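Think of it as A, B, C, D, E and F in the order they're written, each chain with its own count starting at 1.
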């Protein structure tokens, strides 16, 4: 899975409470949607992190998809741009909270930005 | 402006009520954010239509940005993919309502999808 | 389908723009989720109209599910109660806007409430 | 009631479908909350139009409260400022859609802004 | 109160800051809404947990109402079904975050699911 | 800046990840919007805490603006009123979560309410 160990943790966390939901997660979003042609994975992850940043109520999933975006080749600087752009559509708090999650991921992965 | 006549209509609609707000729109989102390097316009418009579809409370702006996405080279089929993907993150109603706005734009522009 | 002709209209509206999305709608929400045991259809429709009323940005889908709720035996008075209760969790505007959609459905179906 | 005929229309619209809800509206928001000391009505209406503009899914109620704000002495220019400020917290689409509702109210009341 | 000690904690937490708000909580939601006939308490709690899961920004209150749902006889398996169903209307992140809160409540109450 | 050390912390937190975004924060919300005439700072902060409480997904920013509101002369009792009023427009959970953030700020500043 493109979201690697983070995705596996989600599946594991559901084992005791809703194992069927893991199957739906693997079937619908991953099996059906992300496997479709017509849109490259890079663009798909950009769309997802934009949406989750704008919605602002799904920080664990935003973290998973910042990881996934990096895994499919979205550059760290591009992720930052998406977050900043969300200030226009969902307000500065949404952008700030998204940047804060991004910062955590970058620190865990020891990513240093060139524009620092 | 990348969103063409739709963007001009927004500015015109503000003339009588909040002319300063037109200036802010031209300065911050367009002058500052969209003019930044590090993320191509195609990705920026994908991020925006994803966010507006997921939020579900900004249909006039979603319409403007579907137009803008087409203007910067996002393919009609790609826009459809973004909308469908939003069902995963914001639910099927958000995706359906986004697809409905998309349908209006495509009809106005007489766009016929190849996968019809 | 429990939501009758309203559901068919949704599928028809997708024919030209996103025919695959009709399949996903039939497979995941209807084939997978609503077909599951452990929760009766009456409770499922109550859950759905509560959620859509609270979210407040999915009025076409709320209309479909008020129809569906009536079709599976939720009484008109019960639908009104769910809407009023949403004032507690999502505010009075969400409840008022949900009641307004309900009123349209009841008028179309010529439903007269006993507590009028 | 501070929101005048607009408020009366809300009560009338509930008569056939949820007459008890009119009572709750009169009792809780108006009888309990707006009647409290410690915050002047002007500030209360500013708070309400800010919240409804930011939420973006309650345009009929926003219209009622722009009327109410004018009725308790909030100046038209101040309402415009609140809307523009919401671009910072909820994004430019929320502000634009709020300004559009404001424009309708001002046109109906034949209000001409001095900063035009 | 149907939400037991969790509800009492809410009232206690308000004592120093907004004691009047405790009264409103007891009067409007509990005294007025939940005491109404026409909808059984089981359905009311299903409606509430559906709405709070879909909204995704009220986890402390979702926890209180998962407890309340169990207290009025909603079965643990039914609560899981409501959460999973919310993936359709509010997206998979909303469902996952709701399931995570549910998991906490079930662990505290040492509830073991039969479909594990 | 009217939000004092809290605002400085926001700027500092962006230093490593998105230093340009600090500039936008200083330029657009503070330089452009809050510096405008036509609405006093007291009303601006009331509008902001109302919106952030109603949105319910921006608690760090709500905390910053409760501080800012106190700094520009909004009385602690007035902040409590705004929060309680939001129960009408965004539901009781939004009001309760806003009051909880307020409680933290008041405890840090050792503010004791007269209506305790």
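Everything below uses one rule, namely that contacts are C-beta pairs under 8 Å (C-beta built on N, C-alpha and C of every residue); 3 or more make two chains touch, one makes a residue touch a chain.
The structure presented is a predicted model; accordingly, all values stated were derived computationally and were not measured.
Asks: Just to be sure I understand: going only through chains that touch, what's the smallest number of steps from chain B to chain D?
Replies: Contact-graph shortest path, chain B to chain D, evaluates to 1.
Asks: I need the common contact partners of chain D and chain F, sorted by label.
Replies: The shared contacts of chain D and chain F, listed by label, come to A, B, C, E.
Asks: Any idea what the CA-fit rotation angle from chain A to chain D is, to the nearest 5 degrees?
Replies: The rotation relating chain A to chain D comes to 180 degrees.
Asks: Centre to centre, by mean C-alpha position, how many angstrom separate chain C and chain E?
Replies: Here chain C and chain E have centroids separated by 21 Å.
Asks: Using Cα averages as centroids, what's the distance between chain D and chain E in whole Å?
Replies: Taking the mean C-alpha position of each chain, the two centres sit 30 Å apart.
Asks: Determine the centre-to-centre distance between chain E and chain F, using the mean Cα coordinates as centres, and give it in whole Å.
Replies: Result: the chain centres lie 28 Å from each other.
Asks: Please work out the Cα centroid separation of chain B and chain E, and write it as a whole number of Å.
Replies: 37
Asks: If a residue has to touch 2 or more other chains to count, which residues of chain A qualify?
Replies: Correct list: 20, 24, 28-29, 33, 36, 52, 54-58, 61, 80, 84, 87-94, 115.
Asks: Chain F touches which residues of chain B in the complex?
Replies: Where chain B meets chain F, its residues are 20, 24, 27-28, 32-33, 36.
Asks: So in the complex, which bits of chain A are touching chain D?
Replies: By the definition above, chain A touches chain D via 54, 87-94.
Asks: Mind pulling up the chain B residues that touch chain D in the complex?
Replies: 10, 13-14, 16-21, 24-25, 29, 52, 55-58, 60-61
Asks: Help me check something: in the complex, which residues belonging to chain D touch chain F?
Replies: 28-29, 33-34, 36, 38-39, 43-44, 46-55, 58, 61, 75, 77-78, 80-82, 84-90, 115
Asks: Enumerate the contact residues on chain A facing chain F in the complex.
Replies: So the residues of chain A touching chain F come out as 55-57, 80, 83-84, 87, 91-97, 99-100, 102-103, 106, 113, 115-116.
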